[in-house]
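Shared between the two complexes below is subunit A, which has subunit B as its partner in the first and subunit C in the second.
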Partner chain A sequence: MLRHLFTLIWNRKRANMLLISEVFFSFVVLFGVGAVLITIGKNYLAPHGFDYTDVWRLQVRAGQGQQMPRAQLDDVLRQVKALPGVRTVALTSGNMPFIFSTNNSTFGYEGNTALANVYDADDRYTDVMRLHLREGRWFEAADDASNHRPVVISQDLRETLFGKGPALGKIFTWSHHGPEATKPEDEFLVTGVVDNVRTANDFAAAEPGVWKRLLPHDTTSWETANVLVRVAPGQGGELQEKIARTVAGVTRQWTTEVRVMNDDRLSKRRYTLVPVVGLSIMGLFLIVNVALGLFGVLWYNISQRRAEIGLRRAMGATGASISRQFLGEMLVVTTLGVLGGLLLAVQFPLLGAFDLPAQPYMLAIAAATVAVYVITALCAWQPSRLAAGIHPAVALREE
Partner chain B sequence: MENLLATPPDTRPQPPLNSPAAAETPVLQLTNIEKVYQTNTIETVALNRVNLTINRGEFVSIMGPSGCGKSTLLSLMGLLDEPTGGTIAIDGRAVTSYSDRELAGLRNLKIGFVFQSYHLINDLSVLDNVELPLLYRPSLSGKERRQRALAALDKVGLSARTRHFPGQLSGGQRQRVAIARALVGSPEIILADEPTGNLDSVMGEEIMDLLLGLNRQDGVTIVMVTHDEQQALKTKRLVRLFDGSQVG
Partner chain C sequence: MLLSYLKIAWKVLMRRKFFAFISLFGVSFTLMILLVMMALFDHLVGPSTPARRLDRMLFVNTIRHQMAEGNGWMNMPASIHFVDDYVRKLKTPEKVGIITASSNATAFTKSKLLALDLSYTDGNFWQIMDFDFLGGRAFTGAEVQAAQHVCVLNEATARGYFGTADVVGRTIEIDLKRYRVAGVVRNVSAGHLYAYADVWVPYTLSPQYFKDNRIEGEFLMVMLAPSAATVPAVREEYRQMMRRVEIPNPKEVQALFSYADPVLESFTRALLNHEDQTVDEDNLEAFYLIAGSLTLLFMLLPALNLVNLNVTRILERSGEIGVRKAFGATGRDLVGQFLVENVVLALVGGLLGLGLAAGALALLNQSHTLAYAHFALNWWVFGWGMVLTLLFGLMSGVYPAWKMSRLNPVVALRGR
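And then the complex of A and B:
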């Protein structure tokens, strides 16, 4: 019977081409939407690698054209830290988690290179962010004597640069194209390795990170200081005001802005979700349209093939076998469309498209295949039942 | 595909198709058959207490004016429809209470159909069209089906046209394909509904000669509905219907 179905479909290939194309495009859309949703879902379920709760982001600005002496800044940080409700404070760079600011560079070690986010971090940074240390240690006063810039790196960067070999105590630098020598401050000494971090948004994948030590006795004057503050649970606006007043108490020229990191996270999540939701809705509409199209085409097919149905009943087909034949034809057509889609979809994991691992693609292929078969089976079910119910004597008389 | 016969086919010994004993064996019996079409406002009596016995090896023609119930009677004989009253028996067994599955099995094994408008599937080759009834016999292999279809086509003189499609054939050739399809399952009875109705006189004669040959030489039982008195007179028995009743 399967051969008979293939013969019928092949001989009606022009009529079936539209159906096969519909199935193919549905598969491709479902695969695309599926791959995006599976990837962001997988990312969402992965840990961030740090603790953003009860962390505030404090931005202190010296004013346009003004400089901020380090000693004065340290004084501000000391006073903020002394406030009741503040657990600890840390100085960092502007590319804090969940905001639209990034700073990345390519690093190299013995031919291995990797693009990584670069964060400035002082010795108390990890107390605020609670990064998960896997190897080594965070920065400490002993690092003052180091001839190289102490850094902590994320696990993914560690794997890229050092593979399975040891990383602690290794020195790497920027990825150079030329043979010129590097300066000592551009040579990074690995003191620790932390878990992967996801700082962009809740749905983003982990990205390699390098935390460069901010020297405590650095005399550089800044225009803007970015400070992370870990507060006691339950702190709110009152403490925010106190922090602002404390900064103003040190120097009236400086301005401050205090933001809650969790608010930044939620804001970024909404911003990220908009295109994803839009894409999903578009995909859903497309699938509904395709389903209605399939339903209509099958319904029309059956009305055009009433005489054939009557004939098959006369030749010995039961109502159930007529129903199965129509379902079978639809499943064969679906298989041809899905095979075309598969041919396209498998290129993505094979070519490592968009730097994604194969797993989300394979899951998306499986999900799209199941979804297409379910949709077509559902769409074919009612028309097939209709076909089964056609009275053979009536159908044969009609022609 | 499932086994279409819930009950096993009748395997009792049957007399050879063209033996004298076979002629007296009823293959199809209709007793007090009534068929009424009922709508909300109107009741139409299509058949009224028709009694008819078809013996093995007979060639019976059914005549009557349009709308007298000829095709309805043929549909009932072919188990494509259910009578409102009366009983239909195939090989002595009443089929009144048979399920859809059992009736489909009987149609497949015992009955071959030939229609006025051929009812060939245009997207299937001649060979695939002839094979069609055998697809509903899961016990047959693909090779067996093909061999039997080729033999049936040979019998109707179309063995050179197996790869053609119905659209490439003349009306007479299409009807020959339909006859081959009716023959392929070796049914006990062929029901032909105006088999020459769509053909010119020459083609019509050809088809009639073919049916007569099948009946005389192979002993195939045939019931034919026709409007053509000349062709009806060539058959062994003529049944006349008028307004749903048997009048001769």
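And then the complex of A and C:
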């Protein structure tokens, strides 16, 4: 049966070559769009790892080359915290979630290295951001006595650096330093491990993170203070203005910017979504186009092969076996196209293209395969039914 | 001759409505997507308000610092020292204006916070760009020199803050500093990277206005050449000038590279950066090559689809082909006829695509994807759309036409 199908296809190899190449390109398009959609969809469903609702970011700038005296900064923080509606404030670094600013470094521990986002954080940080602590504890005043710099790391970084072994109490450092050449503040003492965080945007994958405890002298060279503010639910513009005026009340030299983190998230989401939506529309259009084309070609082919069908029916073939023959022919053509596509697509996970894990690629390959078969089967189904309905007497009379 | 081809083409198209629909759907959507892309591209780099005299403008968006001892590269816009002491002394440009990339600023109204994009500019900038003033005027070079607290607002900001656009002479408080409104302009699309902002204020008020001899700063330069023909001369003089620039910190910075480019080159130079950044290459050819091949690649699948349909339908025409061949038509005649038919089909699809593209752009404008952007089709886009349509028609017509012309008349006539 299968051998017979191949012979039939070989006899019309030119026309079938066009069909096969069409199936091949459709598979490639579906795979590409599928890989993107699966990757970002999977990310979107994963938790953020922190709570961005009712968090504002407050940036206080002293201007380039001018530093902020710690006493004045403390004064600002104390007064902002005292405002009604403000729950708590925390100092951090400029790479706050959902904005176009990142800061990362490579860390190493006993030969394992990992690239991680580096955040500054004070003892109040987790009260604002509500990270999910898995092991250990957050920083506290008692850490002042520590010889090393206390850090909290994310679970994915813990797995890369420490594997299955214990992490709490271990000391790691930058990957490019020898173990003896580091200063105490560059030796990172793990005091806690938190769940993975996704800070770039709603569709980004989790990235390893290191939260370094701010030491008092860290702030002395700052030109900009980045402050996270957790407010009571339902606060708006009025409190934002009050915060800005409070800062201006301490010193007129500094400029302030108060933004709602959820607004940052939505605006970043729009930036990420526009190209994805564009890509999906293009992919959808190409596939609909191909489906319509396939349907037309098959339908036309069958109307051209009425004589052959009539003869087979006259020789006693059932309608079902006729429609099976056409479906089978189409499936063989599809398989040939898909095989070509698979050869190409499988290179992506094998070569680790774009530094993505293999799983979304494999899912995309599976999804593209299923989609191509479903589309061609649907396109072949109606013409095959037409073929099955051909009456031998009518078809042969035409001949 | 052509007229009868056209008539036949129309009859063939209408013979099977379903096939006509499939073909037109493919052609028109392909062209719609390409036209939308083209309109976006034209919006970014084509002449439009306020950059109306774009063919005379040159832009400098970065100065590349090659660090000493292989410490890599630092790419930064220019400082006032660089602008005043080198660029403003050039002889060929008619005017040199400066602007900063917009930075965040806040204004508070009674009810809400107004997030604004603020840019610092000089007086020349307003003479190089042709903004549509709804009221008032731009601030002048004298006001900039005196570091007066004046500003120009766009319409949206004026309405958001005051509730009306008629606000010249009133005072607005931005980042807790007070500015007098000198003028109000029509909103400028965020796609105009060298002109977009909500609020423009004199550069002398910028915290980045340093008076020392550093080269790096935050100022982008816009130069206006006296005519489009003198643009290459300005580029050359800028190139000469760069050789004379004195490096204030030669221990850290080994060499400086910077170029005055027309708008598209100013993006492609940075976008498709070379491994070796000392090479003076604006990557324009590379950009066109990449864009062209992506377009062809995108058109490949719909074209293949159309080829497939056309080849399948050859038999439908076998009678006609047989008769024409028997009466002495050459293969070339037939190829010509089928190509005309296919091109006609593509043109009909192209017109449909133009309508679809206009609809898609209207949707895009309504969704406010890019602040204040108004994407539109124009003659340039239309012309390129027609070129692409012809290309598409030929791409999908050549193989079926060649195949048709090779039908043996005896076989073709018997097949009837």
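The working rule: the second predicted complex is superposed on the first by the 377 of 399 C-alpha atoms of A that agree within 3 Å, B and C clash if a C-alpha of one lies under 4 Å from a C-alpha of the other, contacts with A are read in each partner's own complex, and residues count from 1 in each chain.
FYI, contacts are C-beta pairs under 8 Å (C-beta built on N, C-alpha and C of every residue); 3 or more make two chains touch, one makes a residue touch a chain.
Not measured: the values here are computed from a predicted model.
Using the touch definition from the top, say if A:M96 reaches subunit B (first), subunit C (second), both or neither.
Once the two structures are laid over each other on A, A:M96 reaches no partner at all.
Once the structures are superposed on A, label A:V290 by its partner contacts, choosing first (subunit B), second (subunit C), both or neither.
Only subunit C; A:V290 stays clear of subunit B.
With both complexes overlaid on chain A, does A:C379 touch subunit B (first), subunit C (second), both or neither?
Touch status of A:C379: no partner.
Touching A:H4, do we find subunit B (first), subunit C (second), both, or neither?
Only subunit B is touched by A:H4; subunit C is not.
Check whether A:E241 is in contact with subunit B, with subunit C, with both or with neither, and answer first, second, both or neither.
second
By residue count, is subunit A touched more by subunit B or by subunit C?
C
If we overlay the two complexes on their shared chain A, which of subunit B and subunit C does A:A364 touch? Say first, second, both or neither.
A:A364: touches no partner chain.
Could you give the residue numbers on subunit A that contact subunit B in one complex and subunit C in the other?
On subunit A, no residue contacts both subunit B in one structure and subunit C in the other.
Enumerate the contact residues on subunit C facing subunit A in the complex.
Listed in rising order, the residues of subunit C that touch subunit A are 18-19, 22, 25-26, 29-30, 33, 104-106, 108-109, 111-113, 115, 175-176, 207-208, 298, 300-302, 304-309, 311-313, 315, 369.
Could you please specify the touching residues of subunit A with respect to subunit B in the complex?
Of all residues in subunit A, those touching subunit B are 1, 3-4, 7-8, 11-12, 307-308, 310-321, 391-393, 396-397, 399.
Touching residues of subunit A toward subunit C in the complex: what are they?
Touch residues, subunit A against subunit C: 15, 18-19, 21-22, 25-26, 29, 61, 63-64, 236-237, 240-241, 244-245, 248, 255-259, 270, 274, 281-282, 285-286, 288-290, 292-293, 295-297, 300-301, 304.
For the complex, give me every residue of subunit B touching subunit A.
1-2, 4, 71-72, 75, 78, 80-81, 100-101, 104-105, 107-109, 113, 115, 117, 119, 121, 123-124, 128, 132-133, 135-137, 142, 181, 185
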